[in-house]
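Think of it as A, B, C, D, E and F in the order they're written, each chain with its own count starting at 1.
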Amino acid sequence: MSEEVSAEILTTHILDLAAEGKRLDGRGPDEYRSVSIEPGFVATADGSALARIGDTAVLCGIKLEPGKPFPDTPNAGVLTTNAELVPLSSPVFEPGPPQPGAIEVSRVVDRAIRAAETIDLTRLCVTPSEKSWVCYVDMHALGHAGNLIDTALLSAVSALAHATVPAKRFEVAEADYPLEVRHFPIECTFVRLGDTIAVDPTFDEERAAQGRLTVATDETGQIVAMQKGLVGAFSPDDVKDVARRAFVHGDRLRGLARGGGSA
Amino acid sequence: MSEEVSAEILTTHILDLAAEGKRLDGRGPDEYRSVSIEPGFVATADGSALARIGDTAVLCGIKLEPGKPFPDTPNAGVLTTNAELVPLSSPVFEPGPPQPGAIEVSRVVDRAIRAAETIDLTRLCVTPSEKSWVCYVDMHALGHAGNLIDTALLSAVSALAHATVPAKRFEVAEADYPLEVRHFPIECTFVRLGDTIAVDPTFDEERAAQGRLTVATDETGQIVAMQKGLVGAFSPDDVKDVARRAFVHGDRLRGLARGGGSA
Amino acid sequence: MSEEVSAEILTTHILDLAAEGKRLDGRGPDEYRSVSIEPGFVATADGSALARIGDTAVLCGIKLEPGKPFPDTPNAGVLTTNAELVPLSSPVFEPGPPQPGAIEVSRVVDRAIRAAETIDLTRLCVTPSEKSWVCYVDMHALGHAGNLIDTALLSAVSALAHATVPAKRFEVAEADYPLEVRHFPIECTFVRLGDTIAVDPTFDEERAAQGRLTVATDETGQIVAMQKGLVGAFSPDDVKDVARRAFVHGDRLRGLARGGGSA
Amino acid sequence: MGSVGAKEVPVLLSPEGLRIDGRRLDELRPIRIQAGALRQADGSAFVEWGANKVMAAVYGPREVHPRHLQQNNKAVIQCRYNMAAFSVDERKRPGLDRRSQEISKVIAEAFESVVFAEEFPRTSIDVYIEVLQANAGTRCAGLVAASVALADAGIPMVDLLPAVAVGKVGGAIALDLKKEEDNFGEADLPMALVPQSGRLVLLQMEGHMSPEELAQSLDLGVRGCREIYEKMKQALRERYALTPAAGGAA
Amino acid sequence: MGSVGAKEVPVLLSPEGLRIDGRRLDELRPIRIQAGALRQADGSAFVEWGANKVMAAVYGPREVHPRHLQQNNKAVIQCRYNMAAFSVDERKRPGLDRRSQEISKVIAEAFESVVFAEEFPRTSIDVYIEVLQANAGTRCAGLVAASVALADAGIPMVDLLPAVAVGKVGGAIALDLKKEEDNFGEADLPMALVPQSGRLVLLQMEGHMSPEELAQSLDLGVRGCREIYEKMKQALRERYALTPAAGGAA
Amino acid sequence: MGSVGAKEVPVLLSPEGLRIDGRRLDELRPIRIQAGALRQADGSAFVEWGANKVMAAVYGPREVHPRHLQQNNKAVIQCRYNMAAFSVDERKRPGLDRRSQEISKVIAEAFESVVFAEEFPRTSIDVYIEVLQANAGTRCAGLVAASVALADAGIPMVDLLPAVAVGKVGGAIALDLKKEEDNFGEADLPMALVPQSGRLVLLQMEGHMSPEELAQSLDLGVRGCREIYEKMKQALRERYALTPAAGGAA
């Protein structure tokens, strides 16, 4: 039986289950897989965290280096986000330049971090127009079993929350100091499976999905970013409903992003 | 009937017509299609023009930015020419890095602009060895129905002739001022179709051609650039004859490049 | 007969001969092909040499330009090594970005030059942390008939030994002066052919080989670099024996690298 | 949205509730759609929308390049959203940056949601969008242009895809942001609607919005899309009222 | 080895013959090997070795990409050794640099020397190594991880491939250099051993060594490889003693 | 030609009408052509022309790479003109820049105009030109070398392709410019001639020339080409008078 045919049979099965409110791994439509975060995984980084949702794992490492502000934002530091969906993490990723999927993950995570004002970029400015910190947020996939976006943002926010500005090493200040994180955006991703909209899709559910919707919320009750992906559609009411659910999950996961641990 | 076979039949037909001094669209061998130039098409550019020859259209935008002179020309500004033959403009162009055809268009146009001393690069120098203007000439194909080179240079010369140096915006001078254009090079392209040498080839004529020859002239009676292209050959007498004809067409088209309009 | 089949027959034949201590071109297992070096081949380079081993030829050109020291070595100049295995030199090389084979040659030669401290990089520093010479060692293959690594290093060391620092041209000092070469590393490459380990493999012997081993020695009796390549294995005793033989050949070839000529 | 650490922030909303260009909060910029603007393409459209100028062309169904993307049971829809170097204030290096690649992806997915791709197995439908002059909302303008170009090419679809961005400026939800509003506003939410079903096939958002503001934005955006939908249909009617291929981008 | 013109050189060997971290000259850093660390891969392993953290995964035998690399009489073995941007002190740009490409090549050749590739004609065996935290010896750690991952994937091989680097620090031959020793030492010699035959399938060297020191290094390295070999076998025994796919990198 | 804003301009023509290196206006630089310089190639030639050193090799007819360029009714002719990093005064980054790609294209088209490509359908004839030392006129030197290499490879052609550049220095039309003349002259006009038909298959020009000067340049260039043609034929005669593959680039 070819890969294509077996994927199609699995899709039909997932949709049939969804019609009864069930999922292949026994979860309900509004249930996440187990989530865990291990901050400080990488000693060579200025901050790091390994986030896992089920068998999906993303390791984020933060590096801070002195650089120059962009001409149009002379009073701000620079934030650079990159996701490497390396072929080690899934049979569907190939070596070579970043594919659209990897670029989408980078950009969606980047928007959530930026829109939520997770870190105050003006505090990364050393001398206006002259010198500022460049903060690299590098996310490295170590396992792709669905829902990379949520996992990636969890790893990034946690890594930022545990990062140190290496001011002494680069002779910018007398001592290193913690990077201040002001907000904790959490992304929650949903997929349409027939009439059901299920949270935290697995790899197979993403393949079966008739649309994907990600909503990022912060701890002040604001929606800070959204991204519809894949082929499929959502009604405005779907979107409102998904946003409501994203707040509930977001509040629960935010504790992990702050302190690490598992839930 | 395959694309290849129908192209071959069309080639035979074009060559048969040419033997009688005729062309598929009813023109004589020394006739251009309709030519029009619309300067100022793009407000975000420092200068711009949309040039059309028949259904071939090239949009050129000029951007000027402060930069540094090259070490071997410390008293001159920098001119950078680029042609994007985007796949929107023709079924024969593919996405990806510039193909040899696009590179040839860029370089042939660049040589004509440079050799004609269209703009005085020394006037784009602000401080010798330190600071100068970088003048970007970006040409964007919007339709390729043959004779891209002539269309591209028309768009570029017209865009330069209508460009403003953004000296105030970049705090280089008190006020913006017009870019001075000293010469108006015009390129005329010919193809050999059997014993006939026809000006302003269509897409199908270029495919049928047994050699292509482009001659750029300026308003002082000088030839400033030439380029033979495609498979085929020209005798020295052909070249002399083509140059003579290029002056006639050049003089006529130069008015459009200066002022815009159609002919 | 396909290329693949004929290569396989040739391999069998080479291995059969090797079992009797013989080689296809009549050499013994410990014999090099003829070696020659022509320094000063390229006048546009600051130093150059064309090295040949049999029909394998590599042309190396040295260029020195003012630049900046790396932040972690503020008192040293910069050495950059690059090998171009251009498709002109062999039917097995393809146009495009450097293949792993070309990268390996560059890096193995680079390590030998660097580990042997062939040139004193601190003498290429002009002003610590500010200004230093960048020394480009560009090797260009002109024929690949086996054993590119040894040929490439010969060309590089000879080119360095005959190079001039263009201090006057770049206004760094009053006069140009010779680049000082302190050590003369020589690389000797061996291949396993059954139980025989033969020096200076031809192209066909490399294809037949069950492992390749390169040992670089200097004139002070030190081993400065090694590289095992290709599929195959060597025992520790093989390695010790190969190192002993590499010193004998190295001492002989070092004279050529210093002065040019042939042997 | 890119205003952190920027030099100065303008006033975006007057005391009378009018915007920087005098529009009301629920008012679109002027929009002009020309179907069939390019003779070489199988379908095309040119859109001027506020100070945006966007050209779109469709080629196909045709052979798939590169070959390994071919699908046995349907057409692949490939989209390339590209910005001309001179389309923005600071010259953009030619070629697709990460932003353009992401936009190309979400637009392709939007069209895959409405095109009857299974009618053309083993082919490619190539959608090209060139932004010639940009002033916020180019992905929506590109979508509108490409949607009209697909119809012009005769590609069967569930419906046209009108698109518009809603945003938040000076604390209020506003339709169809222009550049200054986008740069200094508090939120931006582009969307594309399938008018027939009332569902969204493209939706992105960045900024700050409460759930109530989101609801309000979705409603305003849907109304805006329906307004644009009428203009799209009008452009196609004009196209077929004319003698074929009258051409002319400008 | 990259110390020419550097700022200051530390003392690498105490008068008592102990190293910068208190180890004896013939002493390995602590090493922990976990077989089967990734559920998606056909085989995998996670190795912590001193301050190195390296993950390896194996996919295959499977279809060859790109197709023209396919071989009619055997599997091709493709290796990709990659370093995470944050794995080193100064951030590394993502993607394969020349060093990574060379290491990928010599590791692939080492595995080709022991895998029974002719059992899987027209397929690819893909070996991926990700260095997450680097502290000298990453190619050896990667080889050990990948070798366990190949065994975990059930790929038939002559033997496992233990690997270790020997070096010269403070004039003495030492096993398993850590970062400061590698940066300021006099020589570095990584190797990979086929324990069954006692032969080396990977061998590189850079620095200064007399023939006697080379002989001593090879002997010390072979002893080190045999010690690591035991740990590799132990990791595989633990893997199969457990219920399948217990997972977990850390 | 690249002299705008440059530091100083030398005197290119003496009062006696002699050039910077003592040549008359219609005088070629010394030229030496060696056919069969590389044993690995199917055909090859090494050309020293003034201070230019250029190597050319031909491989084919052989399989086409990449495959999709294959033509059913004829051979494709692929040309790669490349400059070594050290071939010019300021080091050139390795790899093909835009200038090299344009030259590769016009040289390929020149050869396609004379090779009987239809004799070898579905194959590729690959022409490689490496400029090792450059001093103006490298595209002509490359063409001459490649043309001899094609003949050496036994590829059937209408005729050999001699080539030379004519230029304008100090107001006069001059044959075969060297570097200073090219840098500071008023025009440069490289051409390649089919001696049999008297037609040009390569022709480029940059600078300033009146129609009369153009006519004069074409006549001078054709004469120069015919002179080079004799040297090309002589090189091929020497090649076949010798025992096969005597080799040696220098």
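What we mean here is this: a contact is a pair of C-beta atoms (placed from the backbone, for glycine too) under 8 Å apart; a residue touches a chain by one contact, two chains touch by 3 or more.
Computed from a predicted model, the values in this text were never measured in an experiment.
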item: Steps in the shortest chain-to-chain touch route ending at chain D and beginning at chain C; value: 3
item: Contact-graph separation of chain A and chain B, given in steps at minimum; value: 2
item: Chains touching both chain A and chain D; value: none
item: Greatest separation from chain B - chain, by CA centre; value: E
item: Farthest-lying chain, centroid of Cα atoms versus that of chain D; value: C
item: Distance from the mean Cα position of chain F to that of chain A, given in whole angstrom; value: 57
item: Where chain D and chain E are represented by their mean Cα positions, the distance between them in whole Å; value: 51
item: Geometric centre distance via CA averages, chain E-chain A, whole Å; value: 31
item: Chain E residues counted as touching two or more neighbouring chains; value: 90
item: Ring of chains, enumerated from chain C in the sense that reaches chain E first; value: C, E, A, D, B, F
item: Chain C contact footprint on chain E (complex, rising order); value: 1-7, 90, 98-99, 101-102, 104-106, 109, 112-113, 189, 194, 197-211, 214-215, 218-219, 222
item: Chain B to chain F touching residues, read off their complex; value: 69, 72-77, 98, 100-101, 103-104, 106-107, 111, 114-115, 117, 121-122, 125, 211, 213, 221-236, 238-240, 243-244, 247
item: Touching residues (chain side chain B, partner chain D) in the complex; value: 38, 41-45, 48, 50, 55, 57, 59, 61-63, 65, 82, 84, 86-91, 94-95, 97, 136, 138, 140, 142-145
item: Chain A contact footprint on chain E (complex, rising order); value: 38-41, 51, 53, 55-57, 59, 62, 65, 80, 82, 84-91, 94-95, 126, 128-130, 132-135, 247, 249-250
